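Read the structure below first, then the notes.
Should a chain be cited, it is by its letter among A, B, C and D, assigned in written order, with residues numbered from 1 in that chain.
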Amino acid sequence: MSTQASQLERLTFFSDAVFAIAITLLVIEIEVPRLGIASDAAYLAALHELGPSFMGFVISFLVIGALWAAHHRVFGMLGDYDRQLVMPNLLLLMVVAFMPFATALMSANTLARVPELFYSATLLVAGLLQCWLFGRALRAPYLQPDCPAAEVVAVRARSWALPCAASLSLVLAWFAPAYNNFVLLLIPLLVRLLPRMALARWNRRNADSG
Amino acid sequence: MSTQASQLERLTFFSDAVFAIAITLLVIEIEVPRLGIASDAAYLAALHELGPSFMGFVISFLVIGALWAAHHRVFGMLGDYDRQLVMPNLLLLMVVAFMPFATALMSANTLARVPELFYSATLLVAGLLQCWLFGRALRAPYLQPDCPAAEVVAVRARSWALPCAASLSLVLAWFAPAYNNFVLLLIPLLVRLLPRMALARWNRRNADSG
Amino acid sequence: MSTQASQLERLTFFSDAVFAIAITLLVIEIEVPRLGIASDAAYLAALHELGPSFMGFVISFLVIGALWAAHHRVFGMLGDYDRQLVMPNLLLLMVVAFMPFATALMSANTLARVPELFYSATLLVAGLLQCWLFGRALRAPYLQPDCPAAEVVAVRARSWALPCAASLSLVLAWFAPAYNNFVLLLIPLLVRLLPRMALARWNRRNADSG
Amino acid sequence: MSTQASQLERLTFFSDAVFAIAITLLVIEIEVPRLGIASDAAYLAALHELGPSFMGFVISFLVIGALWAAHHRVFGMLGDYDRQLVMPNLLLLMVVAFMPFATALMSANTLARVPELFYSATLLVAGLLQCWLFGRALRAPYLQPDCPAAEVVAVRARSWALPCAASLSLVLAWFAPAYNNFVLLLIPLLVRLLPRMALARWNRRNADSG
């Protein structure tokens, strides 16, 4: 294995580890109720109060999981890297590592506007950094030579799903804090729609110029 | 190494990391007694009170360890994967990452019924997700071509040990909270018994059809 | 790469991850003084009070580091493994993952006898499990065929350094809690002495039988 | 793959994991405000108060990230290792693992002198250990044979950036606690300047002797 390839592997490995740790630390921020001997109803009430925390755990787990899956896919398309990629990657990891805080802030203060804005803004920054990183990485010197151009178009378009949904969620957080997170359910849709639209445009352009 | 194989390796790696982090975070939830200078008896009493926490640590460590070992074995039988496996795998990891919370809830509220039900239900969900993932993964496009069919039968059967024991534990939690966890001692037995039964049935069917 | 070798690699990887997480979690248990604006003297006093915590951090970091280094060396001598090794390995990892608790208990209750006994006992169990694992692993079916017999003798002898020092520390904890940990400074010595003694005995026996 | 190479890989892996965990644990030390339903202004004030914590998170994330990137680069130049490297590497990792504590101490006690001195001193120790490790590693038996001498000169010079900036920060912490950290902004500059100066000197010496 060439040294350069093994260095790319190590960058990938380090990123994977940060994703994995951040995703697993989410649970630490959920406070454990300690009631001692109490009635079943008291426990159910305590768990019910933790509802927003469970919600936040699930949302953030899926978001970080999706960020990881995209990172996984994009870095699988690379055959080389250089220092130009280290900084955007590190900044993306910084926001991912920050997610447990943003999640806990939102979950511990249900229905409050500022924490929801803060959470949506964190997602937005993560999404934009991801677009920046992927835009930089999916290019001539780094891409594996046999990587099909259509896949690059699709993956780049796909990476706009999170910033789009997060922007919308940010705006809605002002008017309907907590409920704004339902907008994130659009992500699975956008992840299919955006690449399709981008590929259609790309095919049209190719046909025009062909 | 083909790109696809290295992508499978990275998925495996990410999963391993989440298992390893969740298993190690279990200890964080055990509160450290801070008595200052006190008599030996006071310390022994404090440690005795932590008995359920140590118990919970050991049980969850072994359960996550067993989940990891099974994951390890199944992914060692795969030669390929696609996006169909990413979601069930991510959901399984979500429940594994959630285990430190469920364990702490149970350990901090000894003999209470709801936390025990909650813990058993978490185990049950983890077990069912594992069955789902393994059922999906141990199939034609993913399996290594030289993987013996009998091993697939055995591994699939084996994966039902946790859901079986967890269901029983869930029912017993209602009647005998805390003591219900002794049912989990059946797992090492089931892990041997279920594959044997499944293989016997499979051999019989093969003989019938042969 | 053969599947078996890659499975051994994955077991190694999982173990490495647990070692790395446990060693890094040690710091989490040191409570951060929050004094707000206060005099330099107040801060120095607060840091001075944390002395035992820093001490505990350093000792446990070095112990886990040494356990990792030994594991690293032994698994580097293996070419194969089977399920016989999974359980002793998992139990060793369980005690390693438990170290942050034992360390915090000792550090938060300076000079108290029971926490010191508890800590030494944890080290002793870790050491004995390591001996068990290495004794099982460093044998015919697992060892790489070209591994020199003398190295096996040396590594096995070396693994007795921790249990020896921990036993001594356990006894001394009864009489001189906290000071007993100085015995652990013997480990670097024992790690050199024990293999030398074992090799001398082994050479003598070989000469006798030769 | 030779065993020795795979052992070097495992050392690298373990180091990567500790870097990744320490960098991700930084966020855990930021306390989450729990205000319940409160005015937007109260939340903004709470977040404003956390300013130093966010600052500390960003600084330490970048410092650990830079330490990792340098480690990544240096270990990518190695083809072999022996036990001489294990101890300096372990000590460097110990200080990296300690960073979350030093960061939290500084962040939780804004403008106080002792915590700032403590933080700068931690950075200084990390930097010096890194210089020690790299000085030891970038030498004949360990370096890959085809590694250009100029790169070794550059990387060694580069590793002095952190100790230089940290020393300056340590001195300034006495006079202007908290503001002293701005000195760390010099690091990106030093990282470029120091290798250039070292290479110029090296070229001059080569020309003289040539």
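Just so we're on the same page, contacts are C-beta pairs under 8 Å (C-beta built on N, C-alpha and C of every residue); 3 or more make two chains touch, one makes a residue touch a chain.
Keep in mind the model is a prediction, meaning the values are calculated, not measured.
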Longest centre-to-centre distance from chain C, chain (CA-based): A
Same or different contact residues where chain B meets its copy chain A, judged by the half mark: different
Chain B and chain D: spacing of chain centres that average the CA atoms, whole Å: 38
Rounded Å distance, chain A centre to chain D centre (Cα mean): 27
Where chain D touches two or more other chains at once, by residue number: 13, 17, 21, 25, 28
Contact set on chain B toward chain A in their complex: 3, 6-7, 10-11, 13-14, 17-18, 21-22, 25, 28-29, 86, 90, 93-94, 97-98, 100-101, 104-105, 108-109, 111-115, 118
Residues of chain A defined as touching chain B within the complex: 12-13, 16-17, 19-21, 23-28, 30, 32-38, 40, 43-44, 47, 57-58, 61-62, 65, 68-69, 72, 76, 144
